[in-house]
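Each chain carries a letter (A, B, C and D) given by its place in the written order, and its residues are counted from 1.
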Amino acid sequence: MDLVYLILQVIINGILIGGVYALIAVGLSLIWGVMEIVNFAHGDYLMAAAFFSFIFWSYMGLDPLISLPLVVVIFLFIGFGTQKFVMKRLIDSPTLITIAATFALSLIIRYGFFVVFKPDYRVIRDPLLQGSLHISSISIPIAKMVTLLIAIITMILLFSFLKYTKKGRAIRATAQDREVAKSLGVNVEQIFLITWGLGIACVGIAGAMLSTFYYVFPLMGVTFVLIAFASVTLGGFGSVHGAIFGGLAIGLIQQFGGTFVSPALKDVFVFGVFILVLIFKPKGFFGKY
Amino acid sequence: MKNGMNFFKKGKWLFLILIALLLLPNFLKDEPYVLHVCIIVFVYVSLAQAWNLIGGYAGQISFVNHTFFAIGAYTSTMLLIYLNLTPWIGLFVGMAIAGCVAYVLGFQILHLKGHYFAVATIAFAEIVKLLFLNWRGVGAAYGLSLPLKMPSFYYLMWSSKLPYYYIFLLVAIISTILIYTIDKSKAGMYFRSIKQDEDGAKHKGIDTRYYKLLAFVISAWICALVGTLYAQYILYICPRSCMDIMISTKCILIVLFGGLGTVAGPVLGAVILIPLAEYTRIKLGGGGQGWDYIIYGLIILVIVLYQPQGVYSILRRCKKNVQKMLRS
Amino acid sequence: MLLEVKDIHASYGKFEILKGVTLNVDEGEIVCMIGPNGAGKSTVFRTIFGFLKPLKGEVIFKGESIGNMPTHEIIKKGVSYIFQRDSVFPNMTVMENMKMGAYIRDDKEQIQKDIEVLCKMFPIIKERKNEMAKNLSGGQRQMLEMARGLLLHPDLFLLDEPTAGLAPKVQKLTFKKIKEINENGITIMIVEQNARLALKHSDRAYVLENGKTIMEGSGVEILNNPRVIQAYLGGKK
Amino acid sequence: MYSYYIRGKLKKNVIQVNDGDVKMKKEWKRISFFLMTIMLASTLSGCIGEKEETPAPTTPAPVEDIKIGCIWPLTGDLAAYGAANKRALELAVEIINNKYPDLNLPLAASEGLPNLGGAKIKLIWGDSRGTPEEGRSAAEYLIINEEVVALLGCYQSAVTETASLPAETYGVPFLNPDSSSPTLTERGYKWFWRCTPKAIDWTRNALEFYTDINEKFDANLHTYGIFNEDTLWGVESGDWLEYWADEFGFEVIERVQYPHETPDLSAEVLRMKQANPDLVHIAGYISDSILYVKTMKENNWLPKMVMSGEMIQMSDFLDALGDDGNYFCLTILFPQDLVTTKALTVKLNEMMDERYGKTFDDPSARAFTGLFVLADAINRAGSTDPAKINAAFAETNIPGEKMILPWAAIQFDEKHQLKAGGYVIQQIQDGEYYTVWPWELATRDIIWPMPSWDER
């Protein structure tokens, strides 16, 4: 394999994994942007979604791709529930309080699944999506490719929703200036409810798609949540294209650093670049919406 | 006059508690496990006070305190291993290095607001952890085992827990007094005003950057100090155990539980939560389950939702009610 | 009577800002409120608008008590409020900002017509309709805010320092627009720093001090009141 | 420091309280002096006292119950191992405490430990959560509060390292059945015993295997690649593999150290694919091994052979990968197929299946063996006196046929390390694990080299 192919392959790997990061990040970014809450439980929602896919597969024989709409709907309601029963009380609380609350949620979800499902590694075997496309010596895993595709579709849908619908505009307005939005008759509580629903539904999609090529394990969320934080901050919180940019950038940095320098230090590059961006461009590369 | 009497009463209470703490080990000679839990409580009192300063008073949510803790532990241990230097010197070198790192890091990222600062500190802590995991010079993933020296004051090494108990007690008291002093000083007032409204504080002419840095550096010092002593106590350090982000997270939960930005909060939080965690780990964790973490999560959630000022405020309210009852 | 405020008290946290404000506004009037900084002028608006719940007293709008209604209900009753601070959505286009103004309305066609009418009234909106609001100048933003507020079809328009930070020329233009709006049958209440300009253009005025209404009268009366001249008009008539 | 604080407060007090201020001042002075004395005295007594004191031996438990402390990760990301070991140990206790004359295991025929009047074994569990500190505090708790006679544990080498510290301090025998870090028995501890081969052993066995392959197939294997995770165990394994590869004349052309449980391994695999060694060794936990196999398949690349550690024998591996797991090799201590000929293991497996619906795997078989070694030592000591148990350990000699594991015998050397007992190499064929090396123990012939993804 010569260098050109290698670089191409690394770019493809970076974009594919970056798509997953972007999909995880976009939900986080939405909640972060609109409510100024960093959802530390985000990774655990991801894990829960992967588990739901696994449950549908193992008990009903539904492939994750088929059960995807189901998972999305379930997670929409889980998002509503989170806002209604927990976060609603914390809307104007200091940052630390919301961090602690989402962290507590994270512990409860993570170890709830741990207690129920035991710490076994599970993989959905023989999903619809498997194998790879091989173009000369470059290989593109199909599951990841479809995930990227679904990520793109999700983000286009989300973007259009935010851009062209009344509720979407209200969400953006609330993110930009909560009080003014209120003064124009926006029911902010309802907007928060929708935001949580959408944010968690996005991570639901990510989790469901992840289950087609990653193992399902109660503690798997921890690995993804830090990367998602970095992606969101890199892109600038509260913007869909920011999350896409952040996710892809981090995927590429990780793959290039890992392949050409040292796999052990690949996350050092990610976090290093991230800190540099924070220092020199504290609001990330894209603003709010 | 009345105020004075209250102070007097409070002082007496503290004194009685201190006596109890000093005499406690005499009854626990055959219960090293309880002593161990006490030591861990003291460790977390100190670490939580350190976090309280930067997070509770100055309002900067730092997830990097465990890194300073590890810097302290690694510095003194490296000096002990390679130069056979007493940890007493290593302790100060560790504090100095941690202070420098805190200064440089703080200088770069303390202007970030809220979540951004929090996430930046997480990233920095992860970088340091990954670098240490791959740095052969400091033992990489092997970690460092402290060379067993003759038990002595010079090497800060004993085979019994008793001296450790007193040392950690001393550190916990020192850090609490330090926070108390800061709380009552002008700097404490500045910290609080920065936390409430940073721009406002700036307008009032407070050098917010300087004071945030000050809080960050002092916080790092305390962490490094505890780190050195902890390494002497546990005798083995590795990046995965002493650079675990759970250390910082635990500090935050303790402070939140006890009461944010109060002197008594971290003490209360550590005294309640650490033994509780030990207890649930032994009683519930043994079942091969994660119930203890779930309970932990539920407690924090309840505190955050219904009593964000922490347990300390509940106690204060109780005291007021009791006083009211006594009066009437 | 359109709006009646009866002896309201309100506070932010521990600080009591309003300690008994009484005022009323008739239909078709321009009423102005002046007073020193921290007198609670904006707080009166916020209380009328439902951002703040009065501790005591009553707010009656069109014969109905609105003191404890949530903001979006009050808007539906016909109150519109423009903030003292910049209140456009910076990362939305001008047209999107306008559409946000019609958020609670469901009549799409009428909204379109209204926007066209407003475009005639404020030509700048049409000119720059696809531009991000953050790229507008201060005066243009003020126009956009007013136009957006009007989309709610208010009966009562609360303007909190509409001229703050604007050049004198633009200030005059703003008041011209306010007059124009008023002529369309919309009652207007203004809080203004530039007391002279405001009093000139208002039918009636109230003076607020320390959270209390201390004076009431027609615009000209207040303008000629020696105490007001001393305190707010720099001693000159 | 503290008294300064109190006095500082008092001063305020004194200024405000006019009556008896001198008196009060004096009184406080006296009290603080008194307290200082107590503090000093108790500190000194503690420091001096402990030097003379030899670690107090724990009082022996009543004969009825022999408490054995077990420390494994019952929660945390390694909890699967803890749970498997717990099942195996409960079965072992059942066998020791009750009569199972048809099982050829030490102490199976009798009820309890005969030399201690039929005393029963009782397991007390401590959770290490997979972290060294927790492991240590669990050990302390078990020794002091539960007064256990001996300790068993802890799977991860780092945890075993710290958990054995209190055992050494208090003089409680610590038997480690499943950690492979060589340093553990190099520390010269008096109370620490290990009945499992060191990491060094399986790395050597793997290289011996490849040397044999070179001979048998004239395979001309030369280049070697290592994936190792960045944990203590992973780095150590990598280092030893590199050492032995060098010794046996192989060349390590790529060594990839990767973060444990990273979300993605494409970069790692791509790097290895780029170097394209003949042989690849994965020194990582099962989660990462699963991901490696998947990523290699995605990249459509396989070397001539991929070998992994014993953890891929856990049922999760094939459950997860299905047919894709075929042809991979692993080094293992407890090859199930090899002992299907052994009535003992068949029987035990049946019992396990009946009770828990699971079978023995490597870690659980080792923990199972560990408990028998321990019980045997206590029985021969005829007492719960730790010194006697320690002495009995030195004379341990359990013959191969009385074990679930395929070793010649269990005996300890002067460093308290298991003398004999090496690894065998298994290959996954048709979704089953077959022993393929050493050749004389093979239950199936090796398929060499492993077929590439296209050929399957």
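The criterion applied here is as follows: contacts are C-beta pairs under 8 Å (C-beta built on N, C-alpha and C of every residue); 3 or more make two chains touch, one makes a residue touch a chain.
Predicted model, so just to flag it, every value in this text is computed and none were measured.
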Suppose you hop from chain B to any chain it touches, then on again the same way; how many hops at least until you reach chain C? 2
Specify the chain most distant from chain C by Cα centroid. D
Looking only at C-beta pairs that count as contacts, which pair of chains has more of them, A-C or B-D? B-D
Please tell me the distance, in whole Å, between the geometric centres of chain A and chain C computed from their C-alpha atoms. 42
Using Cα averages as centroids, what's the distance between chain A and chain B in whole Å? 33
Centroid spacing, where centroids are CA-atom means, of chain A and chain D in whole angstrom: 36
Can you pull out the residues of chain D that are in contact with at least two other chains? 75, 79, 83, 230, 257, 259
Do you know which chain A residues sit against two or more other chains? 111, 114, 262, 264, 267
Using the contact rule from the top, write out all pairs of chains that touch. A-B, A-C, A-D, B-D
Can you tell me which positions in chain A touch chain C when the two form their complex? 166, 169-170, 172-173, 176-177, 179-187, 287-289
In the complex with chain A, residue positions of chain D that touch it: 75-80, 83, 230, 256-259, 261-264, 266-268, 270-271, 273-274, 286-287, 290-291, 294, 297-300, 316, 319-322
For chain B, which residues count as touching chain A in their complex? 55, 59, 61, 108-109, 111-112, 114-116, 118-120, 122-124, 126-127, 130-131, 133-134, 249, 252-253, 256, 260, 289-291, 293-294, 296-298, 300-301, 304-305, 308
Under the stated contact criterion, what part of chain B meets chain D in this complex? 1, 3-5, 7-8, 10-11, 14-15, 18-19, 22-23, 25-26, 30-33, 36-37, 40, 130, 133-134, 140-143, 145, 151, 153, 158-160, 162-163, 165-166, 170, 173-174, 177, 180, 234-236, 238, 240-241, 244, 278, 281-282, 285-290, 292-293
Would you tell me which residues of chain D are touching chain B in their complex? 1-2, 5-6, 9-10, 12-13, 15-17, 31, 35, 38-39, 42-43, 46-47, 49-51, 53, 55-56, 74-75, 79, 82-83, 86, 125-127, 129, 131-134, 136-138, 140-141, 143-145, 158, 161-162, 165-166, 169-170, 230-232, 234-236, 257, 259
